[in-house]
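One chain, subunit A, links the two complexes that follow: it is found with subunit B in the first and with subunit C in the second.
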Partner chain A sequence: MKFITKTGLKALVTGLIRDYKVYGTVKKDGFPAYGEITDAKQLVLLQTPTHLSAKGFVFPERETLLRFNMEDGSHKPVVEAADQVIIGLHACDIHAMLLMDRVFAYGAPDANYLARRAKTLVIGTDCMPDEHCFCQSIGTMHATEGFDLFLHQTKNGFAIDVGTKRGAAILRKYTKAVTAAASEIRNMEAFEKKRAGSFKTRLDAPAAALPAIYARSDASPVWDRIGSICYGCGSCNNVCPTCYCFDVRDEPAANLKQGERVRVWDACTLEEFALVAGGHNFRKPRGARLRHRFNRKFRYLTDVFNAPFCVGCGRCIRTCLVNINIAEVTNELIAEDAKRGIIDETVRTKKAER
Partner chain B sequence: MTKTPQTVPATNTAPAPQQTGPASPYLPTEALVTRAAKLTEKERLFALALLNGQNPNHTQYPVAVESTRPSGIAPNAGSTLNYLPGQFYMVGLPGYGEAPFSVASPLGASEGLELCIRAVGNLTNAIHRVPKGGRLWIRGPFGTGFDAASMKGRDVVFIAGGIGIVPMRSLIKTIVGNPGYGRLSLIYGTKSPDDLLFSGEMTEWSKAGLRAFVTIDKPAKGWSGNVGVVTTLMAKLDIDPVRTTAVIIGPPVMYKFVIMNLRKAGMRDEDILVSLERRMKCGLGKCGHCQINGVYACQCGPVFKLSDLHGLPEAL
Partner chain C sequence: MVLSCENELPEILRQVDIVNFREAMTERHEDYEIAFVEGSISRKEEAHKLRKIRKKARVVVALGACSSTGGLNCLKNRFPMRYLQEEVYGRGAHKKKAFDTDTVRPIDAFIHVDYYIHGCPIPKKEFLSVLTALLMGSVPKITNHPVCVDCKLAGNICVFEKGKTCLGPVTRAGCDAICVTYGGVCWGCRGLVDDPNIGAHTETLKRYGLTADSVMDSFNLYDRCAIKRKR
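Showing the complex of A and B:
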């Protein structure tokens, strides 16, 4: 494990700014957010999650897929990617990005995402849960891959996990890292211990039991209840680091000669998401839309990728105006399931351990 | 301008290193409209040929959906006209976007790819204005199709409602007139006589051995045929459940009732095939719009065996 001082980090960031576009966590009007860093002073390593996730850096809210000419009919693929560094991702965010990597690489590989991702350096940092974080229950509390560098804030500076050769190279190039002293590592371990004991939100079943529990919960009264208060506003999708549904549409230029085919974030909680010609809507009730979103997180995508697609960042909980809480809802489903008497073996074991 | 992604040193964070990066799966292939014909007030038939012949760069990626359900094949770069009945293309016009349309022509058709398009919105109305000699841009084929060869030796019952006759035509024309099939029957229902598609062809299909029953939803002037929903004609089919394959394509409301009747006639879900329409924006199993519970209709469908839909309450 490596170590740099606070001044060492400043040197690293200043160096990176010279050669890359650098984004990092900042306070925007007092709110935790990602922003461009043009001076190392702007970077504020935050211990709680940003409002929006970092997904926009590799999967932008709007991106051009093609440029076309409406007169001669030519279409040119557009794959735009610039070298960039993102500083301040927490373990959950890194897990989320690893999931996105798998999503966009499977089947027909997504040229746009993969190009951006290949040019993105990730510098993670440690965190302390707020009332809504539940990564501990999901198993995404620690990242062992998916970052180039990972900074553990200690008393005198940062103990650093080096994840990749690229990470080692920037560390060498821009700053002076030494081997971390035993005291710094003890400091880091004490922090992690405190962190592990600080979670207020917990799931009452292990993540591995959730696909089966969700599969038995289609008819739960929970869906109607949360559906009756949901606005169908799509905010939960927007802030989520693993929500990646999108719309593809054309934007002709004002001269009606050229234009772009763009992809923009879409949201399965919006009313027209599953509407087809003829006016039939396959997921009209808001409860059905929320059921779909939650099932994607704990069942549908898990069936394909063998990993939960909720990383427990709590963003959708913090953003929801009517306090729909994915952790509470999941716990309700777990409780209902237990009442039905079909307790999953894994739940039983976990309960026994308590 | 087009930028190709540059090579970066391999790391364990980035996805597999790309030499030049994969080609954009969104780049469509130019197709020439070799025929454009008005069928009804709302529907036009288009025949397409690829301008540069078959695209030599066409690569197909097997879809990594680990499911017991059949998964489709996603074309990545370039498109071909090697389609199966039941598959679809993303068809676009620059400035108007693209949308999914079913193959209307039979397997191995000499006339190229035929599409039958109903004008319902922005893109479809713009496509209607494309004349013979004009161009459309396609990606595909996508999804699962019908395996007509596997129906040899069996009776086949085709049940189509509304625009569902379009993909059904592809399958019917692949089967009718060919030896080796059992009794072939079609029930086709539309709103009114004005909406009937391919009525001329239906006469030919009948001559070639297809029993065709047509019905309209409500009585109309000058209509002496059957009136009522498609299920009212199902008794006439006289199904032998053991040797019959049934194919259903129609509006969402149609499936439940038709399936109920087929089951009542003793048919097994393994022998019932359906094609399900969903909103589709990519065809690649990514945009999420086409999902039926956890299943992507653009890849694992649109053609499903009814028995593969068990456990998917959103399907029907």
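Showing the complex of A and C:
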């Protein structure tokens, strides 16, 4: 494990700004957020999660996929990716990005995402849970991969996990790192111990049991109840670090000769998400939309990727104006399920599910 | 807003002939296929004119808040007409035909409207996207999600988090949440989404300290006509 001082971090960030586009955690209107860093002073390493996740840096809310010409029918793919560094991701965010990596490489690999991801350096940092964090219950509390560097804030500076060769290289190039002293490591371990005992939100069943529990909860009264207070505003999707759905649109220019194909974030809690030709909507009631979203996090995608797609960051809970709480809802489903009295194998086979 | 499309207007004029545009030209022609109609209806002769436009045009597009939802003008509907006429035009005005004014209505209270361009003011890009879609023969996309989406896409901190209130969660987006982006709040100028959760938002506004009356006032500012119709 390496160590740099606070001045050492400043030198690292200043160096990175010279050669990369640098984004990091800042205070925006006094609230934790991600923003562009053009001066090392702007970076504020935050203990609690940002309002929006960091997904926009690798999966922008709006991007051009191709430019087309309607006169000759030609088209040209657009892949825009610049060397960039994102500083300040917490363990949950790093887990989320690893899941996004799998999603966008699955099936037909997504050229735009993968190009951007390949040019992205990730510098993680440690954190302390607020009342809505529940990564401990999901198993995403620590990151062992998915970062180039991971900073543990200690009394005198930062103990650093070096995750990749690229991470080691920037550390060498821009700052002076030494081997972390035993006292710094003890300092870090004490912090992690305190952190592990600080979670106020917990899930009442192991994450591996959730797909089966969700599978038995389609008819739960919970869905109608939360559906009745839901706006269908899509905020939970948009702040989620693993929601990756998008809409693709063709936008002709005013001359009707050229145009662009763009993709924009879409959200399964919006009314038109499941609307198809003929005006049919698979999930018109808001409760059905929420049920779908929660199932995507704990069941449907777990079937494909063998991991929960909720990382426990709590962003959807914080953003929801009517206090729909994915952890509380899940615990309610767990309690309902316990009443059913089904003795369940915690990890079910895919065959049983189908 | 249409006239401020300086970069696109020359291209647009290559595709269409503008034959009737009261605010921009004096010549008039009554032969047209697409009609963009601005303003709400508050007089009988306006309703008559509107029906004539509907008969001539293949496509009618409501342009702007007044036309689409009635807009601010609908505030008038909470007062008795006679009171309004005398307040604005003086005593005895209600007896004069020249001041004959009626309840304010959006244009779709009188005719079938094919497409809507919402907002006060309308976003330039929305006008262009509806126009290009019509010229291409495709169906214009009218946004039907709440402003919360545009706020998140713009990276805004939620105004509720700052202790303020807004109508974003029930208001039709498509504006890039421009008011919030520049430090304001959403007043709902684009009208409600197709399926707003008014009950939930009433509760939220109360939870953030608004009284029942001020909740109704905020809904009524732009949406009096729509709220009345929904109930």
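Keep in mind that, in the parts below, the second predicted complex is superposed on the first by the 342 of 354 C-alpha atoms of A that agree within 3 Å, B and C clash if a C-alpha of one lies under 4 Å from a C-alpha of the other, contacts with A are read in each partner's own complex, and residues count from 1 in each chain.
Following the convention adopted for this analysis, contacts are C-beta pairs under 8 Å (C-beta built on N, C-alpha and C of every residue); 3 or more make two chains touch, one makes a residue touch a chain.
Computed from a predicted model, the values in this text were never measured in an experiment.
Participant: Which one hits more subunit A residues, subunit B or subunit C?
Facilitator: When the residues of subunit A touched by each partner are counted, B comes out ahead.
Participant: First (subunit B), second (subunit C), both or neither: which does A:H51 touch?
Facilitator: Only subunit C; A:H51 stays clear of subunit B.
Participant: Give one of first, second, both or neither to describe whether A:E80 is in contact with subunit B, with subunit C, with both, or with none.
Facilitator: first
Participant: Which partner chains sit in contact with A:G314 here, subunit B, subunit C, both or neither? Use first/second/both/neither.
Facilitator: neither
Participant: Report for A:R299: first if it touches subunit B alone, second if subunit C alone, otherwise both or neither.
Facilitator: In the superposition, A:R299 touches subunit B alone.
Participant: Thinking of the overlay built on chain A, is A:Y106 touched by subunit B (first), by subunit C (second), by both, or by neither?
Facilitator: In the superposition, A:Y106 contacts subunit B only.
Participant: Quick check on the superposed pair: does A:R117 touch subunit B, subunit C, both, or neither? Answer first, second, both or neither.
Facilitator: In the superposition, A:R117 touches subunit B alone.
Participant: Of the partners subunit B and subunit C, which touch A:R249 in the superposed model: first, second, both, neither?
Facilitator: A:R249 contacts both subunit B and subunit C.
Participant: By the touch definition above, which subunit A residues appear in both interfaces, subunit B in one complex and subunit C in the other?
Facilitator: 249, 252, 256
Participant: Sort out for me which residues of subunit A touch subunit B in the complex.
Facilitator: Its residues touching subunit B are 65-66, 68-70, 73, 75-81, 101, 103-112, 114-115, 117-120, 122, 145-148, 163-167, 215, 218, 244-250, 252, 256, 259, 261, 263, 266, 268, 273-278, 280, 282-283, 292, 295-296, 299-301, 303-304.
Participant: Quick check: in the complex, which residue numbers of subunit C touch subunit A?
Facilitator: By the definition above, subunit C touches subunit A via 5, 7-8, 11-12, 14-15, 128-129, 131-133, 135-136, 141, 144-146, 148-149, 152-153, 155, 157-158, 160-162, 168-170, 193-197, 199-201, 203-204.
Participant: Considering the complex alone, what residue numbers of subunit A touch subunit C?
Facilitator: It comes out as residues 28-29, 31, 33, 51-52, 56, 61-62, 228-235, 238-239, 249, 251-256, 264-265, 267, 270-272, 286, 319, 321-322.
Participant: Please output the residues of subunit B touching subunit A within their complex, sorted ascending.
Facilitator: 1-6, 8-9, 11-18, 21-28, 30, 61, 63-67, 74-76, 92, 94-98, 118, 120-121, 135, 137, 162, 251-253, 277-279, 281-282, 284-289, 291-294, 299, 311, 313-314
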